[in-house]
C-alpha cells in the first residue's frame, strides 16, 4: 500500500529510456530498489510504454520474488534484476535495453575497450561481455541465470559494480545500473554512446590504442570518489 | 459499400509506417485482409502519405484481383500482396517498405543471420533472401512473380510464415507480415532494427557466431506458442 | 517586377531541402527556370535559411548571367546552375546540397552503382562522378567550369539528364535536377538515400552485384515514359 | 557587475550546442572572451543544460584564472580555455564537445584529412590530432596541459588558428574556436559533419585522395580573407 515514491521514480525512468531513444517497442525495462523494505519496483511485462502509469509498476520482494503489490505481471526479466540487487549491494537501480550499438558489441561478443575520456569519465575500464549461458542454464530459470552469469563475470574479473556500472550479456544486450534508477538510465545512455563511438573508432583504426592508464585514472577520479572535483561539489 | 473497419486499420498502418521512419517518399505500402469476404484493402498507388484518408484505401477481390470498392488505382505492388495472402493462409496484414538497413541486406543478397535475442524474440531463425527473378518473370506479371518467389523461398526452406514473418526480395527490399496489419508493421520495424544491429555486428566481428540454438528456441517460445510467458497473458 | 510564382516555388524548395535534412548551415541551394522569359531564380549567397523570404530570391538572365531582379547577391554557385540550364534543355529546377552520404561517394570518387530497385525507380543506371577540375579551370571561372565538367560527363557517357537526374562532382558533392524545382529536391533526396543504402550494401558485400539489367529497365519504365503505370495516371 | 552581454552570448552558445545535437548529458562547454577587460565567461561545471541561465555563466580573469563574478564553480575545462585564449590571440570563443564522429577520429588518433570542399570551405587543410599527454602532465594541472599540447601542436605545424579553427585532442575529443562564441559553435558543428563524411569516405575508399591543393585554396579563399566573395559582402 505504500512505495508511491519508488514506483514514481521507476515509472519516470521507464519513460525516460524511451524518450532518449534507448528503447524501441517494449524492448527494455527499468527497476529500483528499497533496501530497507526489501523490495524492488519494476515495469510490468510487455505493456506499451505510452500506456504505463506509476501505479502499474509491480512491487516484488527481493528475497522470495513474490509480488507484494500490483495487479500486472512483472517484466519477464524480473529474476535478472532481483539477482543483481542481491549480488550487488551498492546499487539502487537497473536499466535493461536493446540499444543498437551496445547490442552490436554484445552480438559480436566483444567487450567495449576504453578508447577515450568519454568512456573513462563513466566506466573505469573496459565494459565486459559475459560468457554465453549453457543449455541447462537456459532450460531452467533462464532469467535468473542471466543474473548469475553477470555476477560471475564481475566476480571473476574483480570488478566493482559502481566503477563499471554496466555489462553486455553475450548474444543479448546491455544491462546498466547505478545508485538510483535515474543514474542507471544515465549509465545506459553512456554505454550506448560509448558503444557507438567505439564502433566508429575501430572502423577508422582497428589497432586503436586503449586509453593510457594514467588518463583513465585521472578522468574517472575527476568524477568519482573522494578526490572528485567535477560538478558543483 | 462496407469494409470501413478494414480500411481504417489499413489506413492507420500506412500512416504508422511513415511516422516510424520506415517509409520515405511513397516507398512503401500496407494492406490487410478480410478472409470471410475474400477481399484485401491496400493503399492507392503513388499518393502522398499525408494526403491519404481511410476512404482512399482500395478494396480488391483476393481471387480475381478485381477492384470492388474505391476510385483510385491500387498500389502497383497489389499482385504481390494478393499472391501472399493466397499462399500464406495464416496472415492478416502485409507491409512493404524500402527501409534502409533491410534494403542493404537485400541488395547485398545476404540473409540476415540470427545473431541475438532481439532477433530471436520475433523471427525464428535467419531472415531469408529470395532468388532473383528471371527475365521472363519480370517481363510478364512482375509484381505477381515477386509473390511467387517469396512463397517458393518459404516452401523450399520449409519455413512457417508466422514463425519467420518477413523476407528480403533480392535487389529490392523487405516484405513483412503478421496476423493483423498492425502486427505486420511491427514486424517490419523489427526487421529494420535487426538489420541495423546485424550490420554493426558484422562490422565489429565478421565471424560473429549465430545465436545458440537453445537460446533461439527459448526466446522465440517465451513470446510465441502455447508455452509463451511474455506479456500480460 | 514579375516572376512571383517562380520565386515562390524556388523559395519553397530552398526551405524544403533544409526541412528534409539534406542541407546544414548554408550548404546548399535550389533554383528554378522560366524558359520563356529566359531567366532563372536562385537563393541569395550565404543567407541563413530561416531568414529567407520569397522576395529574397534573385532573378538572373540565363544568357548573360546578369541580375535582373533582386537586391541580394545570388548564390556563388549561380554560374554552375546557369550552365546546366543551358546544357540540359529539358530540366526546370536544380538542387545542390552537401548531403552526407552523397558527399562521401563524391569524396571517395566512386560512382554510385545501381544495386537495387530503390535506385532503379528514380535513376536509370549508376550515378556518375565527374573528373576533377584542372588547375586552370579552378583559377578562372571555377563555378562555371563545374557546370562544364558535369555536362561533359553526361555527354561523354551518352546520358540523358532526365533519366539520370543527378551527378556527383568529384571531391565536392551532389547536384540533382528535374522538370521542376520540387522534382529536383525529390531527386536530391533520393540520391542521398540511395547513397546511404549503397554504402551499407558495400559494407555487407563488397562484391554486391549490380541490379539485373532487365529489372532496372522494368522499374525505371514503371515510373517513367509512355509505358509507366505507377501512380494515379 | 557587468559582462551581461558576454554572459548572454556564452549562455546562448552553450544552449545551441545542445540543440544542434553536438552535446549529450553535460559533455561540452562553450566560452567567450572580453579581451579589453581581460576576462572570459564560461559554463559552470556539471550543471544540466536545461537549467542553465545567463547569470549562471562564470567570469574568470584570463591572467590569473581567478573567478571575478558568479557563484558557481566554472567548468573543469576552464584552464584549457584560458590557455587557448592566451596562446591564440585572434580568437573570441571556444567550444568543446564530445560529438560522436569527431571523438572517433580523436580516439583513432588520426587527423581528419581534407577530402572535399565541405571541409575546405571551413578548415584550411587537415584537422590535426595532438600528441597524448605525458604522465607528469596529467598528474599536475591536467586541464592546463591540455591547452599546452593544443598550442604546441599548432606551433609545431605552423598552423594559423583562424585558418584551422579546431583540433582533436588524442583519446579525448574536439575543441573548436572562432572569432566569436557563435562562430566557434559553427566550427564545432562543421568539424563533426566533416568527421562523419570523412568516416564514410574512408569506408568507401581507404585510398581516397586528399582534395587537390588548388581546389582547397580556391574554396577556403572564397570564404576567408581579402578575396572572399561568398555571402553578402
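Brief remarks follow.
The first chain written gets the first letter, and so on, giving A, B, C and D; residue counts start at 1 in each chain.
Quick note on the criterion: a contact is a pair of C-beta atoms (placed from the backbone, for glycine too) under 8 Å apart; a residue touches a chain by one contact, two chains touch by 3 or more.
Bear in mind the structure is a predicted one, so any value in this text is a computation, not a measurement.
For the pair subunit B and subunit C, the CA-based superposition corresponds to a rotation of 90 degrees in steps of 5. Per-chain Cα centroids separate subunit A from subunit D by 33 Å. If you average the Cα atoms of subunit B and of subunit D, the two centres end up 47 Å apart. Among the residues of subunit B, those in touch with two or more other chains are 203. Arrangement of the chains shown, judged by which pairs touch: one closed cycle in which each chain has exactly two touching partners.
Those residues of subunit C that touch subunit B in the complex are listed here as 115-118, 186, 189-190, 193, 196-198, 200-201, 203-205, 208-209, 211-212, 214-215, 218, 222, 229-233.
Residues 24-25, 27, 44-47, 72-73, 76, 98, 100-101, 103-110, 132-133, 135, 138-139, 142, 171-173, 199, 202-203 of subunit A are the ones touching subunit B in the complex.
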